[in-house]
Amino acid sequence: MENTIVKAENYNSYFGDNHVVKDVNISIHKNEVIAVMGPSGCGKTTFLRGINRMHELIPGATSKGKILLDGENVYDMNAIYVRAKIGMVFQRPNPFPNLSIYENVVAGYLLNGIKLSKADKDAIVEKSLTSAALWKEVKDSLHKKGTFLSGGQQQRLCIARAIAMQPELILFDEPTSALDPISTSSVEALFHELKANYTLIIVTHNMQQAARVSDRTAFFYMGELVEFDDTKQMFTAPRDQRTQNYITGRFS
Amino acid sequence: MSILLLVIIVGVLATLITESMPSIKSLGIGYLWGKVWDPIQNIYGAYPFLIGTLLTSFIALIISVPFSYAIAIYLGEYNPKGWLSDTLKNAVELIAAVPSIIYGFWGIFVLVPLVRTLEMKIGVLPLGVGVFSASLVLAVMIIPYGASLGITLIRMVPSPLKEGAYALGATRFEVIRNVIMPYTRTGLFAGVLLSLGRALGETMAVTMLIGNSSAIASTFKEVLFGPGNTMASVIANEFAEADHTLYLSALIELGLALFLVTVVINLIGKRIITRFTNN
Amino acid sequence: MEPKLGIRNVKSMIFKGVIIFFAFLITVPLIIVLLYIIKQGITQVNWSFLTHVPAPTGEKGGGIANALLGSFIMVMMASVVAVPVGILAGIYLSENPGTKLAYYSGLCVDILQGVPSIVVGIVVYFWVVKPLGGFSAIAGSIALAIMMLPIIIRSTEQTLKLLPDSLKEAALSLGVPYHRVIIKVIIPCGFAGILSGITLSIARIIGETAPLLFTALGNNFLTMKITGPMDSLPHVIFSYATSPYDDWHDLAWGASFILLMFVLTLNIVTKLLTRKWKIQL
């Protein structure tokens, strides 16, 4: 159990009266890549946003149950602290348009008003961009605006921004759905490298991507966690009929 | 801060009502239909100003509508991009930007002599100032309001709708008449309402050009060319001179009426636009 | 079929011609007004015109220094009040759509936008002039501030509403508290729009006369006393334009020219600022 980083216990999410995530129990180990897949509207993104308490920002959204991060319930902690501790990368690349590439990487510190020395900042920027496999491409244009980069580069910049906060866990909400195939493969390649230091939870509706990048896969359907197993196992011999149907394309 | 807005609006209404109380009490509803305004005799009737306001506003509206529709159709449909349309668009914005006082001043020295010549030709008292001059300037001033809203609305017409009509072999004119106009009709009407709201409350240019007469004209020519007064202009002219309570409060009651009418017109206009843009 | 198509095409062409005619006809009065003001005004403007107060009746010369200073002071005071209030209210409206308070304040902004300026003048007369016992620049500034508010609020609200939610989420997911997200991300990204709202509102009120008639009144002397009556550019134009003396008319032309230049400059500045600060999303 020592290996567990995130654990959901009877976790439920609602939009008003709409029950979108139903009684989820899941336990995720350190340095794992978890893919969360399922058809549109199955609650996978809502579940992900429940982990770092982004869900509650939507008016009318509530949740019940526990999400344990290193054994501590995030709903008993300060939401701001939880979000600072868990990295998140969104569907569309969203670098801050008013900040340069450099400033974007250290945005988590800048915006929180945390003062860092120039040397510390330089070190964080280089380290994070290197981890995000972007350093070589942008090291000569660090002070240009982040929005001048290509979509794939922007998304890797957003990953660098998340890494810069030194999280243990990074959440990805369909991180490649707005990217072209080449940018997608650059981001996917990055997942393999990040695995050494971080735990990744990746929501995707792309089954091939789930199969390519993850160690274990969770399948959500109609708000329920139907199956959670080794990726290989799930794609070759799913236990549940609904998973079988999804993988073989009976419904999408 | 938002509460401050509520306070301002409620405060405006409360102030107008309390200060016009003396007039409401002693003159009653008949005030609105009273035809004589004679502060020296202490007789107050708002009828001349209501008529003056409606007359100038509606004449201005009738003149302005073809222009604002034409600008909206041209910039919204025929030529939405490029230097020519940018120039025209800037010109329209500039018309709205020029202060009302400058239109009034210019009107006194340029428009009034012209109107005077016209009046001599058609045989009315050549005053120059009057309802006609005021309406002309007012028309120019309100064109931008209808036009800029119209441009936005016409650009919102979904292009599949237009392409559908073109694909059936419709000409440009037919697309505008049968697709764009029906689609934007209510929105364009709201634009007209908002221009009307502007016209009703416009003060300085009208005050300088309308001639400030509280008498009621009898013949058609006199009504159109003769001097008059609007609610806003009589307030601007006489508020500072109003030396007793009833006089002052009669003027404020005019302000109250003006406030209520413009508020209603504006809210209806905005409501229509909100509904239009949400669809 | 064939001849009918011809007629339809001709009809379409004629319609286009009519539209173009009307659309461009509107530039004629604009150009006439602008050229006339410039022609009449530019000869009046010189250094002494800008630095002297009006000469007494019958004397030659004189200028509009009092009105320039008065307009400047009153616009500044109005901005100091209206800009922060307007931006905060605009933020509130864009961040809390759907709440009751937001609905009613939105309604109030709509109402305020449509209130005739003369009515603002009356009301401020009773709010400020009467209690303070006399016309004052303070009263004038308050009237102008009320006129500025709806423009600033609406432009702030609309700019902020255009910013994508993902921007806010990006900051929140980094653990940035809400008020910091507003100050550090939302406002800087919407800076161009907010700024253009401010300059536009100043361009609008600098020419307002009606709300000043019963509030700041006018003053023929150079004054910085904000509790006393103060002159302004539009007011000087109004009182001189309606006077019977020719040399006073000349002063009014000069003042109109200056006012027009201010308004034009502010409009151009607005455009340039928007272009310069516009953030590529």
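A few notes on this one:
Here the chain labels run A, B and C in written order, and each chain numbers its own residues starting at 1.
FYI, contacts are C-beta pairs under 8 Å (C-beta built on N, C-alpha and C of every residue); 3 or more make two chains touch, one makes a residue touch a chain.
Source: prediction; values computed, not measured.
Of all chains shown, C has the CA centroid lying nearest to the centroid of every protein CA atom.
Among the remaining chains, the Cα-based centre furthest from that of chain B is the centre of A. Our note on geometry: chain A versus chain C, Cα centroid distance of 47 Å, whole angstroms.
Measuring from the averaged C-alpha position of chain A to that of chain B gives a distance of 56 Å. Inter-chain spacing, taken between the CA centroids of chain B and chain C, is 19 Å. Chain A has no residue in contact with two or more other chains. By the touch criterion given at the top, residues 1-6, 8-9, 11-12, 15-16, 19, 66-67, 69-71, 73-75, 78, 88, 91-95, 97-106, 108-110, 140, 143, 171-174, 176, 194, 197, 200-204, 208, 232, 235-236, 239-240, 252, 255, 258-259, 262-263, 265-267, 270 of chain B touch chain C in their complex. Of all the residues in chain C, the ones that touch chain A in their complex are 98, 164, 166-167, 169-177, 180-181, 184-185, 188-189, 191, 279-281. Contact residues of chain A toward chain C in the complex are 52, 54, 57, 59, 80-88, 90-92, 94-98, 107-108, 110-113, 145, 147-148, 158, 161-162, 165. Residues of chain C that touch chain B in their complex: 8-9, 11-12, 15-16, 18-27, 29-30, 32-34, 36-37, 85, 88-89, 92-93, 101-102, 104-105, 107-123, 125-127, 146, 149, 153, 203-204, 206-210, 213-214, 234, 237-238, 241-242, 249, 252-253, 256, 259-260, 263-264, 267.
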